[in-house]
Amino acid sequence: MNRQTLIEKVADIFVSQMPYNQFLGIAVQTLNPERAAITLPWQDQFIGNPTQRILHGGVISAVLDNVGGMLAAASIIDKLPDSELHTVPSKLATLGTIDIRTDFLRPGRGTLFTATAHLIRSGNKVCVCRMELHNEEGTQIAFGTATYLVG
Amino acid sequence: MNRQTLIEKVADIFVSQMPYNQFLGIAVQTLNPERAAITLPWQDQFIGNPTQRILHGGVISAVLDNVGGMLAAASIIDKLPDSELHTVPSKLATLGTIDIRTDFLRPGRGTLFTATAHLIRSGNKVCVCRMELHNEEGTQIAFGTATYLVG
Amino acid sequence: MNRQTLIEKVADIFVSQMPYNQFLGIAVQTLNPERAAITLPWQDQFIGNPTQRILHGGVISAVLDNVGGMLAAASIIDKLPDSELHTVPSKLATLGTIDIRTDFLRPGRGTLFTATAHLIRSGNKVCVCRMELHNEEGTQIAFGTATYLVG
Amino acid sequence: MNRQTLIEKVADIFVSQMPYNQFLGIAVQTLNPERAAITLPWQDQFIGNPTQRILHGGVISAVLDNVGGMLAAASIIDKLPDSELHTVPSKLATLGTIDIRTDFLRPGRGTLFTATAHLIRSGNKVCVCRMELHNEEGTQIAFGTATYLVG
C-alpha cells in the first residue's frame, strides 16, 4: 500500500473500527500529515448538564484526543521510508495517548462540531498536537494539547 | 435542605439528570466534602481500540472530570454558611470545568472501574482536584488534574 | 490614568518590580489587550544541561508564564468601564496563575528568545492564554497554556 | 559503577553541573528509584510579585521539573540490567522533559522549600511523575505532573 492509501486506512480505523467512535458518530473531513479535521454531529445523549443543551466535557476531550491521534498516525506513516511501510500496522498498534490537556473555553452549544489538529512536535518517539473544537457558527468551544507515543 | 441532603442531591443530578452520564452508567459510591468516588461498569461501546478491549481515552477523561466536578460541588456546599444554603442551585448552575489534564498510565482493561477525587485547592472562585482511575484489581489506569470554576 | 498608561504601567511592573524577572532580564516588545510579546536575551546561568548550551525548562516556563500573565492583566484593564479604572491596582493584586502547561518542543538553543501570548478565553473570573517561545532564527522551542485568576 | 553510585552521580549532575540549578541552590535530600526529594532555600531574587515576598511561578515549575527529572533518571538506572549499566551516560544524555503541568495552590511563602516526586508511570520510553512543593511549615504550595522521555 502506498502512503495515501495507508492514511485513508487510518481514518477508516478511527471511524469504523473503534466502538466508542462509532457511538460518537465522528466523520473524517481531512487527514494528511499536516492537518486533521473531523466532524461530530450533535446527539442528545452528549448532554452533560442538567439544564442546558451543551456537550459533556468528556465528549469534547474524546473528540480532541481522536483528531490529534489520527494526525499522529498520519505523521508516523509520512516519515517512514518506503522500505518500512510494511511496519505501519505494528507501529499503529503501539500508538497511544500519553497525556492530554483540554481547556473548555465556551459552552459546547451547536449542531455540528469540527475538531482540528495541528502537529507542533513530530519526533521518532513522541508527537505533540494542539487541537481546537468549533461549532457550525465558527465559535471556538475548546482547545487541547496532547502528547502521543509514536515509536 | 441541610448540607447532607444537598450533597446527596448533587450526586443524583450527576447520575440521573445528565444524559451523557446516564449513557456512561456511573454510580456514586462516596460523596462528601473531602472525597468523591464513582464507579463505571464496563460496556463494549466504551472500546477505543481496533484490536484490544480497552477504554477509549475520552471515557476515562469523562469519568475523571465527573468525579472531580462532583467533589467541587460538595466543597461549595460545605463552605457556605447556613444562611446562604438557598444559593446552592445558582452556584451549581455556574460550576464548570475550566481545564483538565489526563495522564493515561496503563491500558484501560477491566470490568468495574472506580474513579476517586481529592481536593488540592479549595477557593472561593476556583477549586483544583486530582483524580485517579483504578480497575477492579486495583491497577491504576489514569491520573488527572482539573480546575473548576466555583464562584 | 487612561487605559494605555495603565497597560504601560503593567509592563513596567513585570519588568522592573519583580526581582525574578529582573534576574531573567526580560523586556516587553508589545503589550495590548490582543497580544503580548517579550524578549529574553541568553545568559549562561540559564543553562539546564550538563553538556549542552540550552535553556533550563524552568526558565522557559517562567517566560511563558510572564507573557501570559501580562496579557491577562492588559485584558483586565481593557474590559473595565472608565468609571472603574481606579480599581485596577486591587484587581492586579489578586491576579495570579492558577495552572500552566508547558510543552518542550525543541532544545532551547539561541541568543535572543521571544515569547508571545494570545488570549483564548477572556472571562470576568478567569482568562486562558496560549503562549509560544521562539529563538532569533524563528525556531519554535516551546508551547504553553495557562489559566489566570483575574477577578 | 554500581547502581547506587550511578544514582548519586545523577544527583551530583543536577546540583553541580547545571548552571541554572546552581543559581537556584537546590540540594538533594533523597534520591532512589521510588522517591526523590530536593530542598530550595529562599532567595530574595526568586520573588515574583511587586508587593509580596512569594516565589515566582517559574521558580516553582523549575524545582518541580528538577525533582521529577531526577527521579526519572534514577528509574532508568534501576531498570537497566547489570550488563547495560555502561549505557547510562548515553541514556541520560537523551533524558528530557516532554511536558509539565504546574498547579499553583497557595502563595509561595517560606524560608525552606521541599519538592518531592513520585513515579506514576515507568515505561521504557516515557516516565510520568507527580510532584509536590511544600514549605518548612508543611503547607503545600504547588502540585505538578510531568512526562519525561527516557529511552
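When the chains are written out, they are named A, B, C and D in that same order, and each has its own residue count from 1.
Convention: a residue touches a chain if its C-beta (ideal position, glycine included) is under 8 Å from a C-beta of that chain, and two chains touch if they have at least 3 such contacts.
Which chain is which protein? Per UniProt: A, B, C, D = Medium/long-chain acyl-CoA thioesterase YigI.
Please read all numbers here as calculations on a predicted model, not as lab measurements.
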Could you quickly compare A-D and B-D and let me know which has more C-beta contacts? B-D
Interface check for copies subunit A and subunit C. Shared numbers divided by all numbers used: above half gives same, below half gives different; which is it? same
Between subunit D and subunit C, distance of the C-alpha-averaged centres to the nearest whole Å: 24
Centroid distance [mean C-alpha coordinates] between subunit D and subunit B, Å: 30
Taking each chain's centre as the mean of its CA atoms, how far is subunit A from subunit D in angstrom? 32
If a residue has to touch 2 or more other chains to count, which residues of subunit A qualify? 98-99, 101, 103, 128, 145, 147
Per the touch rule, the subunit B residues reaching subunit A in their complex are 13, 17-24, 44-51, 56-59, 61-63, 65-66, 93, 96-104
Which residues of subunit C touch subunit A in their complex? 101, 103, 105-106, 120-121, 128, 130, 140, 143, 145, 147
Touch list for subunit B against partner subunit C, complex: 98-99, 101, 125-126, 128, 145, 147, 149, 151
